[in-house]
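Take this structure, written in structure tokens, and hold onto it; I'll ask about it next.
Labels run A, B and C following the written order; every chain starts at residue 1.
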Amino acid sequence: MNAPVRAIADPISRRPDTPRVHRAVVAVLGVAVLALTFASVAIGYAPFDVPAAFADIVAGRTTLPAMVLWELRIPRALLGGLVGFSLGLTGAAMQGYLRNPLADPGVLGISSAAALGAVLVFYGGLSAGFSLALPLGGIAGAGVAALLLNALAARGTSTLGLILAGVALSSLAGALTALALNLSPNPYAALEIVFWLMGSLSDRSMDHVLLCLPLMVLGWGLMLSTGSALDALTLGEDTAASLGVNLVSVRLRLVTGAALAVGSGVAVSGAIGFVGLVVPHLMRPLVGARPGAVLLPSGLAGAVLVLAADIGVRLLATRPELKLGVVTALVGAPFLIVLLLRNRGGRA
Amino acid sequence: MSLALHEVRVTLGGRTILSDIHLTLERGRLIGLVGPNGAGKTSLLRVLAALVAPARGRVTLDGRALADLHRDERARRIAALFQGAGVGWPMTVREVVALGRLPHRHAFAGLSDADQAAVARAMARTDVGHLAGRTEPTLSSGERMRALLARALAVEAEWLLADEPVTALDPAHQLDAMAMLRAASRDGAGVVAVLHDLALAARFCDRIVVLSGGRLVADGQPEEALTDSLLARVFGVTAERGAAADGTRYILPWARSGATKEKSDGVIFPG
Amino acid sequence: MRSRAVLALWALLATMPAARAAGVEEPVRVVSMNLCADELVLRLADRAQVLAVTYLASDPRGSTVASAAAGVPVTRGLTEEVVALRPGLVIAGAFTTRTTVGMLRRVGAPVLELGVPADLDGVRAQIRQVAEALGHPERGEALVADLDAKLASVTPSTRPLRALVMRPNAFTVAPGGLGDALIRAAGLVNVAAEIGRDRFGQVPLEAAALADADLIVTDEGTPGMPSLADTLLHHPVFRALADQGRTVAIPNRFWTCPGPQVAEVVARLAAAANARAPRP
């Protein structure tokens, strides 16, 4: 009677070796990111001899094609990858941490705060005529949001408290943005900002890359460092704590990492929606639902999605070019719906 | 080799939950923590797991204050199994069990061979090997309990704290779970389980600790601890006692104390 | 204060047809609801005829009549504001404030809707149309004559240089519109015809840089009036083009509306083209 009820043991798991699948997915996505980055450099609006321009750069000749390559094509491709990786990674981290499949990078209000910061700095005329005013303002906004959220997180607020604080922050930042636009001396401010917020990578320069790259890399590091803690948190906060997870430290790293990555992303490209929400859902069928395992593939898949969308807006015959957020939603939403229909019954 | 509480007092939100708890637990035994609802059983377990710091008194592991232990060392030495939280994502059973190895792993490192072996041992002990590739939502309650128990066993800690491990299980699975906990204690771990079922507690535990109103009211072998007067005073029940066919003795809460037979309706514990 | 209160009360009591009857003998009193209409009204009407213009008219960034608009009451195109002024004529653009125009038509107010001229003849016709409606046809003729005199004084570019207009937010002057006509009047070739695909074509900086235009026309913006549109002007590639002397600044407000100021666009384009040395 003390012997456990025995079932016929199946010594070989039906699932393929998970770490190997994970490595394969990461490798394929990594190659895809590289290929799309090169494609993004090669594809543009005007016929353009990329190798010749590259030779000019290497030789130090400042020809117009060299400038176009170095200050337009390459920054655009790099930003597509950087912003996409940030959005995908942050989405996966937020969904994992909040144990909520609806969470996205904006759930903590960081995107809205970044937008508010950008609007305040820019239309407030604090630095008129300075090309990096907008991204710097965005980063400042995200930074303030991160400080507020960290103050809450460090006091040991529950996960739910953090979500509510994020919702409140989002609404407040949205309202203040509208107010700032109302008071702006430029009658076209609202229109400009609405379009900007839909996300675009057009006409960015290497300055933008240099501005956001270090912040994003730091943010990625912080978020990736929480991988095993996110795994433990699937069993609840008590069990995670019993497994040696420092809950406060995890919260601080996630909030700070998300603020750095998403804040600087919004600051240079506007808010590109849907990537962070949909990408983790696309990755789970491939690498499993373990939150830590979803992080890196989601970042890479986010980069793939944004790079592909950005190539798409340049190939599509619409002028003005479609906003990136529009394309990512148009591409991502059907994927998500198909996935949900296929997984109906199970927890997606 | 002991986990001990010294004059511990715990307050939550200004309310005193536990007071004057003096208790020394030793390894190699299955210890049942019983008491009516609200007695402070789960709080005591959380104190032992260092999730709650006592307002007064000390908790020590082999003489060292639990609070001074590094987080990772404590996690390697004390495993905890909490109910209710479930699994947040549809992870496979193997992935869930492997979480028990987190305290042994370095940052960003994968599972070592030793980790793989420990996971395999834990899955064998709870007989979930055939479930390894199944995801959590597809498991029955009994299978889920065994998977979560395997996760806790995979830590291979000196101590295993289990909060209501048999609640919501059918009788066969309750017996299985208790047998597994006892087996873990026979392998050398100190196992502390919060239990509601006095019959199961008496049948499997080496030692019973009874809490009531945040105080320790009885402590000893089942027959010593669960006396008729204690059952009446603390639980408000009377019990039938006897010997089973295999010779082991049993205690079965049978009626509310002072209640007529007609009123007894199988509800064993006062709400 | 008291007179305004009386006016408001009167506006509430009076019906619009009565107001129209009152306007027959005297010069018609107008409310303008569109920036381009503002510019023509302020140039052609007596000050006493102008009941209100739009709030945009006094913004020097977008308006060529900002000084003339000083002190003139403004509206934001809301029906209530317009009705309360009891105008004899409402001049509106064909594409703006549609709700208000529809509402005004329903209460029987006379509305003149101005189209968007596509060439210089259209500009002349619209000037005459508005002057007629205001009861000053002779002023319309004078304004057209003034425009033609300015255009006649322009020496068109001697070489058919290629010009690309990058207006705020990189909206360009697409072929088939008034802007295109102005570029041609200056003796230049509109590069947007090769790039842009429709009337609202927007030119990416990359395409502009690689289009090999001789002249890139921008609006340099106004200090203290930050606009996202200006960020383009700080882009390294744009600065490189500017360093090569290929850029010329013409304020956006000169392009926006049909009026005598369009001659200024032609003059500046031609001057810039003639000043630019032949490329090696």
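Heads up, the rule we're going with is that contacts are C-beta pairs under 8 Å (C-beta built on N, C-alpha and C of every residue); 3 or more make two chains touch, one makes a residue touch a chain.
Here the structure is a predicted model, which is why all the values come from computation and not from measurement.
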Fewest touching-chain hops separating chain A from chain B: 1
Taking each chain's C-alpha mean as its centre, the one farthest from chain B: C
Chain A and chain B, separation of their C-alpha mean positions in angstrom: 42
Separation of chain B from chain C, taking each centre as the mean of its C-alpha atoms, in whole Å: 80
Geometric centre distance via CA averages, chain C-chain A, whole Å: 42
Residues of chain A that touch chain C when the two form their complex: 44-48, 62, 64-65, 67-68, 71-73, 122-123, 125, 128-131, 133-134, 185-189, 192-193, 195-196, 202-203, 205-207, 317, 319-321
Residues on chain A engaged by chain B in the complex (per definition of touch): 1-11, 13-15, 18-19, 96, 99, 224-225, 227-228, 231-239, 241-246, 284, 288-291, 346-347
Complex contact set, residues of chain B against chain A: 46, 49, 51, 71-72, 74-76, 78-82, 84-92, 94-96, 99-100, 102-103, 105, 107-108, 110-111, 126-127, 129-130, 132-133, 135, 137-138, 146, 148, 151, 155, 161, 172-173, 175-176, 179-180, 182
Chain A partner contacts - residues on chain C that touch it in the complex: 55-56, 59, 61-62, 168-171, 195-198, 200-202, 204-207, 209-211, 221, 223-232, 234-237, 240-241
